[in-house]
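Next up, some structures in structure tokens.
Here come two complexes built around subunit A, the first alongside subunit B, the second alongside subunit C.
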Partner chain A sequence: MLKIIVITHGTFSEGIRSSLEMILGKQEEFLTYSILENCDLESVKSELNDELEKSSASGQEVLFLSDLFFGTPFNLITPLMEHHRFFHITGINLPLVMEIVSNRNAEDIPGMLQESLSLGQSAMLDCVDYLKSAMGSRKEDY
Partner chain B sequence: MLKIIVITHGTFSEGIRSSLEMILGKQEEFLTYSILENCDLESVKSELNDELEKSSASGQEVLFLSDLFFGTPFNLITPLMEHHRFFHITGINLPLVMEIVSNRNAEDIPGMLQESLSLGQSAMLDCVDYLKSAMGSRKEDY
Partner chain C sequence: MKNLTLTRIDDRLIHGQVVAFWMKEYSIDKILIIDDTLSKDMFMSRIYKAAAPAGVEVLLLDREEGLAFLKQEPTEKEGIFLIVKVPERIEELVNAGIEIPRVILGGMGARNDRKTFNRNVSASKSEIECFSRILAKGTHIVYQMIPSDKPIPIQNFIE
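Moving on to the complex of A and B:
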């Protein structure tokens, strides 16, 4: 099973986990790291490295999910690419995370991640515009 | 100033607020609602209605931000369209919320929201692909 590690500024990681688990139930192999003010970043980086080594030893794939391109969590993860192979998606929203979690046993992980990204992007939308447009279409249809 | 109301399953709303405020500082006119198990949805709906009436009386625009298209928070907000005018974006991520908050005093709110949506979508990406591609381009450039 794909191991998922969510790492964000503040408690966003725990918040999105709470939202996810309310809808899809408790998740295994799903870790969260919250980078708070005065957090010991070296210690977090060392923990992430340990997780990667443990997963590598057992042949498990790892996916990092972060909140912001070039934010502190992103910058903690990127240097780990030097010695480890893993996946990393940034700018997460709930539809993206739900899609990934629902398909984490897929054989083609890169393909599954691309499809999840596409779904996550299209599920970010202006609801008022969408509903007005849907109502307009319906009016024309009937 | 545009009033922002974030409403999500679980504590995602407070989590993303914590992440946002860690980066951009404390926000005014920024409310969060967490829809937990056994939450009294009618009471939340009534509170949201009160917020809309208060803002309408003072001529203030309101933007709802929700986590999931057709999720419970989305379904609480949508019926309020019958009696109120407001903005509503779903599928939020941190780059989107940061962009909106940074431009909440814009004169053209619909235009600002469209630009923020576009930025939020493009800031959701596969970092490994992006970095490999950026490194490849650099190699060719130099």
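Moving on to the complex of A and C:
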């Protein structure tokens, strides 16, 4: 199973897990790291390294999910690319994470991630605009 | 001597939206990071350079190279954003004759030897003394995370 590690500023990662599990149920191999102000980054780095070593030993693929491009969580993950192979998506939202989790047993992980990314991006909508135009000719109702 | 459009002390360097906000307000085509450790990390140097926004070059230099770069003649339409992690880098440049009229303090993380002033700024006794020496030379130093924040002169909260 694809190991998923969510790392974010503050407790966003735990929040996303809680929302996700409310909808899709309890998740396995789903780790969260909340990077708070006084966080010991060196010890987080070391734990991440251990997780990657563990997974690599058993042939398990790892996906990192972070919140901001070049934010602190992102910068914790990127140096690990030098010695480990893994997937990493940033700018995450709940629809994206749900899609990935629902398809984590896919044969073709890169392909699945590409499609999930697309879906995650199109999940963001201006609702009033969207619904107004979907309601189209029924202008008198609105 | 090069003209610095923006100078910042932030140990997170180019991070997330913060730098993006600053780059929106000023015309920047070069981000200059002066940091001995990072300049020698070949892998991370490549990552930082790759992450540069379109039209922006990221230079990762050590102290010597950084000073040499800043001593060069300015190029027309050049916009340089200097980012360092600690005040000592600024003091070295000022002492070497580089003009740095204004420094924006964005972040210095908590550490054992540092006293915490707010959630983004912690500083050790020697760093505070360094700030005082830089201020004495006429450089303005303000604490300001993003351009829309009110800049706070550091004298107000760093004792």
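One rule holds in what follows: the second predicted complex is superposed on the first by the 136 of 142 C-alpha atoms of A that agree within 3 Å, B and C clash if a C-alpha of one lies under 4 Å from a C-alpha of the other, contacts with A are read in each partner's own complex, and residues count from 1 in each chain.
Note that a contact is a pair of C-beta atoms (placed from the backbone, for glycine too) under 8 Å apart; a residue touches a chain by one contact, two chains touch by 3 or more.
Worth saying up front: this structure is predicted, and the values here are computed from it rather than measured.
Comparing subunit B with subunit C, the partner in contact with more residues of subunit A is B.
By the touch criterion defined above, A:L68 reaches both subunit B and subunit C.
Once chain A of one complex is fitted onto chain A of the other, the partner contacts of A:G15 are limited to subunit B, with no touch recorded for subunit C. Of the two partner chains placed by superposition, A:S133 touches none, neither subunit B nor subunit C. Once the two complexes are laid over each other on the shared chain, residue contacts for A:E37 go to subunit B and to subunit C alike. With both structures placed on the common chain, the touch criterion links A:T78 to subunit B and to subunit C. In the superposed pair of complexes, A:S102 makes contact with neither subunit B nor subunit C. In the superposition on chain A, A:L94 contacts subunit B only, with no contact to subunit C. Shared interface residues of subunit A, touching subunit B in one complex and subunit C in the other, are 37, 68-69, 71, 74, 78, 81. Of all the residues in subunit B, the ones that touch subunit A in their complex are 8-23, 36-37, 66-69, 71, 74, 77-78, 81, 86-96, 98, 113-114, 117, 120-121, 123-128, 131.
Across the complex, subunit A is touched by residues 12, 14-17, 19, 43-44, 47, 51, 110, 119 of subunit C.
Per the touch definition, subunit A reaches subunit C in the complex via residues 37-38, 68-72, 74-75, 78-79, 81-82.
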